[in-house]
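Note that the chains are named A, B, C and D in the order they appear, and that numbering of residues resets to 1 at the start of each chain.
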Amino acid sequence: MKPAEVYKLLIDRFGEDLILAYVETRNPYIKINNGYVQAICTFLRYNPSTKFAFLSSISGVDYPQRNEIDIVYHLFSPFLNTLCVLKTSTPRDLPELESLESVWKVANWFEREIYDLLGVRFTGHSNLKRILLPDDWEGHPLRKDYKEKNSYHDMETMRPDPLKVLREKNEKSGKSQ
Amino acid sequence: MSTVIYNVIFYILAFFVVISAAVVAFSKNIVRSAFAMVVTFLGVAGLFVLLSADFIAVTQLLIYVGGILVLILFAVMLSSRVKEIKISNLSVGYFPGGIIIALLTLLLIYIGVKTPWQKLDSVRFEPSTSAIGNSLLSNYLLPFEMISVLLLVGLIGAVVIARRKEDQE
Amino acid sequence: MKAFADKLFLNIFHIQAADSPYLALWYVLMMFLVSFILLNFAALFAGIASYVERRIAARMQNRIGPNLVGPQGILQWLADGLKMFLKEDLVPQTADKFIFRLAPYFVFAGLFGAFVALPFGYGIVAADLNVGIYYILAITSLVVVGIISGGWSSNSKWALFGALRSAAQIISYEIPTGLSLMLVVMLAGSLSTQSIIESQGGWPWEWFVFHSPFTLAGFFIFFISSLAEGNRVPFDLPEAESELVSGFNTEYSGLRFLIYPMAEWANLWVVGAMVTLTYLGGWQIPGVRLETIPSSVLLFLISITIFFIKTLAVVFIVIQLRWTLPRVRVDQMTLICWTYLVPIALICLIGTMIWMLAFPWKSVFGTAIRILMSTVGGSVMIWCMLRARHNYVIDKDRFEKLKGIPAWYPPWKLP
Amino acid sequence: MKNPAKVNEAIRHLKPQAAPFEEEMSLNFGPQHPSTHGVLNFLVVTDGEVMHQALPNIGYLHRGIEKLAEMTPYSGFMPYTDRVDYLAAMFANQVFAMAVESLAEIEVPKRAEYLRVIVCELNRIASHFIATGALALDLGAVTPFVQWLREREFINDIMEALCGARLTYNYMRIGGVSVDMPGDLPDKILRFLDHFEPIIDEYNRLISNNEIFVKRLADVAVISPIDAVNFGLVGPNLRASGIGIDLRKTLGYSVYPDFDFEVPLGKGFRGALGDAYDRYMVRILEMTQSCRIIRQALEKIPGGEYRANVKKKLKVEENEVYSRVESARGEMGVYLISDGTDRPYRLKIKTGSFTAMSIVEKASQGLMVADLIALIGSLDVVAPEVDR
């Protein structure tokens, strides 16, 4: 079963309101409504004709121009040997999505990572906390407009340019000579 | 000369025993008490050696230091709130305690005065192990066996009690 | 030793020992001298054992091992000891400082106390105690007090884990140790270390280990539980470095830390000597009657050599075990003790009793069985060694083929 | 950290969820601990030796590689991929190269594909050395680990002869590999294989069949097939639970369909299906299969170019791809979005260790402290791969 057929199956089952588009890229993806992620994924996982048993990864992509964050789900079905890419968007100002934790346990950590790095909130998540960064970190680094703070807990995050330091040192010693 | 040294050793050991026993009784920290007991046991073992009772001395060491004390330490460490120093040796009941101590002291003095002490010229350093073995398996066979049966009963009882608690949970 | 001291005293002061008022003083002096010698022997052995162990481990792991301090790195242990001396003696802020400082001394006293009753050759023992091996069992139990107090007083969870494991382990394993020693005590009819050796003989079939199948089993039980009591792999749970960081001695540093590993290595000698004297015939010289030994200095020296060789062979095996086996889990450790070692030791005890009655030591059948068992045991040992050599040769050839350089090099000549 | 209140606030969420019982003790396992395989922290809630919970706390090695990718040209990002999984750097190289090649529609020469397969399989063996050896080391057996280190040294030598690096190879390029194989290398590799294949038997004698080792691993931390799928386990961990998914077979990427090899599955070698011993044994068996693949690849390797002609400043049309390879730690994926410039718009690296780590919290319940080490070791978690 090719991704296009999966798209047809989904259209038949959920209709055009939920399944928005089918976009041809290298790995064609199916654009879905952001309110029904859980239902669609549950369907894809347990439907005997698809059986997407594996959630390969969840990624988030920030699009400041569109003012949206895309969340991409890569599902893999060993039975069909097919990769199914689901994509959904959520507004950048108040990013919120359903958690897939009830469908795949592994979504727990993937979603925590996205929450950590992109700031997307997942409703129904059991333990939505920062995972890679410290709890008191400010900002979400994978957003395109993220600016790193100069210091974290009085520790400098920026290092002076070593070449510049060397040059200045040389100049100084040159002056003294 | 040798009796002098003998006496010196005796008093040194006795000193350690008494002091450490006092620490066991008066220390506010239960673990400290337990460790002070090591010194007490060692001192008592030394006194046994001085009395030429080598087998008993070694038994004292093996059973009390190696067995009972380790078990006590084990139990103390497993109990929660070890670090709360107040749980050892609560100072309550001064009055009944005083009476008991007074009575005990009187009793000890009475025994000390009344007992017809045998005075030995010198301590005979003779191996006692085989004598103990022989007596245990000839004259005192019945008490020896009865004690072992008693210990067995205690062992089984402990197992039963522990089991029951587990079942109730 | 006492007789020897009396004789020495007589020769030096020309006074009958018993008459002298200075006798007690003389004894005290002798006591200090003997303890000084023993302590130095133990410390020296511990140091050299640490070096030897590291070299053996390196050999087993295709490494070179310490080789820079002194010729072939033989002074490495001195350098390590010196380094430990110079380290700061840290006491954790929240530790129970008094007990923390005191704990290593218990370990020290417990282990080095055992050397008093250990023989080194014919008639060479600091104190031929009437309760010899019983005393050794008892005094080594002081070690566990040191370990528990050290672990508890560090106020570290890792150290506490180590201390608790150690307590459980040593209490459990004292029972099979004692029971398997009982076999020997029964056969020898004595607790004294020297008379246990004297009641065995020089030839392998005169050793207690081959007396009957029961004593053979008892030998292995004793060996295994000695490992456990000495915290050696596979029973090094109290300081399991991959689980508990370093177990009971995690918070120690400097000289106080040094005492723990030193005691562990000194314990190697205790284990080796105990196994040798109880089951492997001690210092008995094959074919030489006991009475003839005192008359000849040469035989005297041979007896010492034999005892050392046997002990070091056991030590060598213990070291090799350490670098081969993984560690057991804590529940498996107690399970091995209570479900296998203790019942088997009890069976062996009763079996040996029956065997002693049925086939006395001197009887034809008893001798035949002993000769048969020692032959089989020896053959198994030789077979194992040959097999190990065979595997090694194959491995060596493959390595040479791959790298073009020899895999083997003599210990005194590094690549 | 000057403000303790702030620090307390920062570690607040690490405290166990429910209030601990009277008998419970919480234990900080790591970040500096001999057997955490990198910088990791587990908050272990124990009752004596038995654990109630082990909460992994990761992020100590987070270097923001995904963010770095957005600032680096495609060809310049290759060295960064080495650092994702330093024990099996070739796979990250390969998966990134594959993703870019797929986006830019670059045809990779056959010889380059074969070279990639050879180095990847060698790297897989080297990685499994560390995985299985470190597991033995964690259980207290030092010698097996050093034994494998010796063998790994030979692989390192081969890699050094090939690309000059011993750990972070940076060997692959977009459209091929950086250098062709020197003429004597096939012979070297074959000599190594001749030497190495019997060593596996020796190793099995030394440790795999050791009774204590088996007792420590068999029936410990059993992961059922359902859990394995649910928690997204990949690679040897998944196959140990009896699920035969190997991307080399399922996807047949690169030139893997050309080779004849088997995918070893866990079948409860010494205990339950999916226990720690199965995970260990699957890795040992995989090494043999990798040897088979290398032998075939060396036989079949064609001549010709080793690198396609790719522009130095590669610009890729707006597109996206998710490419995956079977790394030593299982499926490693790269989700790459290009936007027409010479840098990725977004790069996401999906690694096997990340999902393997997430199962620790569940699989560790009711184990003993010593078993936690066996669990982490048998999952073969590499900290930088978890944190990226």
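Operating definition for what follows: contacts are C-beta pairs under 8 Å (C-beta built on N, C-alpha and C of every residue); 3 or more make two chains touch, one makes a residue touch a chain.
Bear in mind that the values here come from a model prediction, so they are computed numbers and not experimental data.
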| item | value |
| --- | --- |
| Intersection of contact partners for subunit B and subunit D | C |
| Third chains touching both subunit C and subunit A | D |
| Longest centre-to-centre distance from subunit B, chain (CA-based) | A |
| Between subunit C and subunit B, distance of the C-alpha-averaged centres to the nearest whole Å | 30 |
| Subunit A-subunit B separation of Cα centroids, rounded to whole Å | 70 |
| For subunit A paired with subunit D, centre-to-centre distance based on mean C-alpha positions, whole Å | 22 |
| Distance from subunit D to subunit C - Cα centre to Cα centre, in angstrom | 44 |
| Contacts with 2+ other chains: residues of subunit C | 164 |
| Residues of subunit D touching at least two other chains | 48 |
| Touching two or more other chains - residue numbers and ranges from subunit B | 78 |
| For the subunit B and subunit C complex, residues of the former touching the latter | 1-2, 4-6, 29, 31-32, 35, 38, 54-55, 58-59, 61-62, 65-67, 69-71, 73-74, 77-78, 127-129 |
| Residues of subunit A defined as touching subunit D within the complex | 25-27, 29, 53-57, 59, 61-62, 72, 74, 78, 81, 83, 85, 104-106, 108-109, 113, 117, 129-136, 141-142, 153-154 |
| Residues on subunit C engaged by subunit D in the complex (per definition of touch) | 57, 60-63, 157, 161, 164-165, 233-234, 236, 240-243, 245, 323-332, 391, 394-395, 398-399, 401-402 |
| Partner subunit A, residues of subunit D touching it in the complex | 1-3, 6, 9-13, 58-59, 62, 64, 66-67, 102-103, 227, 229-232, 243, 245, 250-251, 319-322, 324, 331, 333, 335, 337, 345-346, 348, 350, 354-355, 357-358, 362, 387 |
| Subunit D to subunit C touching residues, read off their complex | 25, 27, 33-35, 48-49, 136-143, 146-147, 150, 154, 191-192, 194-195, 198-199, 202, 206-207, 210, 212-213, 215-216, 368-371, 373 |
